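Take a look at these structures.
Next, two complexes with chain A in common: one pairs it with chain B, the other with chain C.
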Partner chain A sequence: MANDLFIVIVGCGRLGSHLANQLSRAGHSVVVVDTDERAFGNLSPEYSGFRMEGDATEIAVLKQAKVGKADLLIATTRDDNVNLMVAQVAKTEFGIQRVLARVFEPQREAVYQRLGVETVCPTAVAAELFLKSIAKEGPA
Partner chain B sequence: MEASLGKKPVLIVDDEKNIRLTLSQALETLQLEIDTAVNGEEALAKLEAKRFGLILLDLKMPGMDGMEVLRRVRETRPDIKVIIITAHGTIDSAVEAMKLGAVDFIQKPFAPKEIRELATKVLDRDNISAEKAKGYAEHIELAKKCIGDREFDSAAEHVRQAIAADPTKAEGLNLLGALQELGGNRLEALKNYRAAIALDPTYMPATENLNRAANWSPKGDITLDEPKATDDQEEGKKA
Partner chain C sequence: MRVLIVGGGRPVYFLCRTFLAKGHQVTLINRNQDECVQMARRLKATVVCGDGSDPAILEDAGAHGADAVLAFTPNDQDNLAVCQLATLQYAVPRTVALVNDPDNEAVFQKLGVTAFSTTRTIASMVEQRTALDEITNLIPVGEGKVNITEVKLQDASPVVGKTLRELSLPADSLIAVVLRNGEPIVPRGDTRLESGDHVVLITLPANHGPVLRAVTGETD
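Up next, the complex of A and B:
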């Protein structure tokens, strides 16, 4: 049953579409929401989920995407504040167990975590990898 | 009559590949035999070849649409259960579909669990008996069963009992409204749609029914075109 989740992804940019393609291929039921219909061009031809044009900061749009039934929501728009708001609404209004969000600004991560939202910060991740790589090579 | 309806194969009819895939994947775990058709013509051919117990049917398809399939199915196989697949938004043809005994709808996008629950509910409906029914949910299920058998009067009776058991549910009033609309009692139907909306302003089916019923053309033509962004008006105008 692990491959049978209902997942809502907000934002269909590079990250959102990539996740959607992978999760859909893994057999999950995926809904991608984006304000711009053209963004769905990023989805691969094998993507078998749903696409929905709309503003995910509107509750009606989230309702239409059936967020209330989702096992997981991932907020991947390029705007931290949008991600935070969507994640918060998903958590408090719709009671979704697992909510993940991308956050660019490392300082904001604490706020997300207080709300019980799991975060991935590309800046922090990249910095960590750089540092690791530098440490490995190290000055001889 | 047939005890193991649940074991009969299921036919999924939709022109979109991803919908067929999502639905089959979700239903596979119920251990049901699943077959698919990409359009109305193929669906009818498959229906002749095999005795399906349940059809999941998209209304909007190129060529023969779902409503026509439903009409033909009702002539040849009145016992078959039908779940209608609709795009998110309006169900303009809900009453028309109900007239043909289809009362269960699933809106896109769907969660796998949701599909399984609905399919199970529809297939199990035969096991509820009128004597044992008590409470809101059971009466609603019985009403839907009666609609499936196209016994609209007893359906309305069960809906009334459901409403009596729990007068706070918008779904019951909406269903009663739709049944009255079917019976030609438009004024009573409008009243019930309005009452449903008063109970729960966010219950969209009642709002849509009210909008449609309020400007329904006298002939009762029902459009299958769904208004895209604006859902306020201009429905039911197409001949």
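Up next, the complex of A and C:
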């Protein structure tokens, strides 16, 4: 991955802020968007990107965050539908090549993959790791 | 027709009632348990309590085989998800989403979801009613590519006393119907326009302004 990407992260919770901190430290330009200003407290002191308070389901807010110029958008809010909507809008309306969305509900993941949104499902990932660990150790 | 409605509040209640009164079969999905109980008591509809963007709930509500799904929650993202799930997973032939942010109307259309914004509709209605009392936009046709407008002719209108043949309306415009004293007249070239006539105009967005000016005589 190049070192000078412009990345928009939607949602500054545990996952969003963690990604923002890491990507900012790696040298990328980062904008974090969250509806709650207090969420920006999760960012580390070294975070050198921008913070934007606003609802990313409003096109006007995405425009203000300069989503049109972004190389990558990651949607990490705790609401699946917000993530999926923002991801699709970023792709269709702003023409961003690469868009990632977190989706908790595994059943929704399948549908949205059909819509061309790259999704990460923490529930499925965690389940897989648990199952692997159980298979390796076997029952006690 | 089997209609599945997602949402709550008074607008949705009255919407359900309207559909039921027309003899449609209505299933309502609402997240709030108390509201569900209320709705179930007051409506002859099936009420399902849960998140309408959850595939399991949609399935419970009978999304398979529904003729239409209407998503009317206050959250645009939920309305989008409901409609996309209904289309993709349950092959519902017709879905409609309410958009709260008027900007999302165009975006949803691009994403393949039929959407409308009450904000925009109400705003434009209020604008027209307050600005020009004699002009009423009836309906946009073909996603706004055609306007149908009703204009009441005032004494000062330059078209009053003229036959249609004598008018020089801009190209791509048509006086479709004249309502005189409540009676409809489908006009021909020799129909003479009178003050107080309501004329129904068909225009395109490009010539809408010029046609209105030609008919009302107003110059702004």
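The criterion applied here is as follows: the second predicted complex is superposed on the first by the 137 of 140 C-alpha atoms of A that agree within 3 Å, B and C clash if a C-alpha of one lies under 4 Å from a C-alpha of the other, contacts with A are read in each partner's own complex, and residues count from 1 in each chain.
Operating definition for what follows: a residue touches a chain if its C-beta (ideal position, glycine included) is under 8 Å from a C-beta of that chain, and two chains touch if they have at least 3 such contacts.
Owing to the predicted nature of the structure, the values given are computational and were not obtained by experimental measurement.
Touched residues of chain A, counted separately for chain B and chain C, are more numerous for C.
Once chain A of one complex is fitted onto chain A of the other, the partner contacts of A:V31 are limited to chain B, with no touch recorded for chain C. In the superposition on chain A, A:F50 makes contact with chain B only, while chain C stays out of contact range.
Of the two partner chains, neither chain B nor chain C is touched by A:Q22. Once the two complexes are overlaid on the shared chain, A:Q113 sits clear of chain B and of chain C alike.
Contact with neither chain B nor chain C is seen for A:S133 once the two complexes are overlaid on the shared chain. Of the two partner chains placed by the overlay, only chain C lies in contact with A:E105; chain B stays clear of it.
Applying the stated contact rule after C-alpha superposition, one finds that A:E93 touches chain C and leaves chain B untouched.
In the superposition on chain A, contact is made by A:L84 with chain C only, not with chain B. Across the two superposed structures, the residue set of chain A contacted by chain B and also by chain C is empty.
Interface residues of chain C, counted against chain A in their complex, comprise 53-56, 75-78, 80-81, 84-85, 88-89, 101, 103-104, 107, 110-111.
In the complex of the two chains, the chain A residues touching chain C come out as 57-60, 79-82, 84-86, 88-89, 92-93, 105, 107-108, 111, 114-115.
The residues of chain A lying in touch with chain B in their complex are 1, 4, 6, 27, 29, 31, 47-50, 52, 64-66, 69-70. Those residues of chain B lying in contact with chain A across their complex are 17-18, 21-22, 25-26, 29, 88-89, 107-114.
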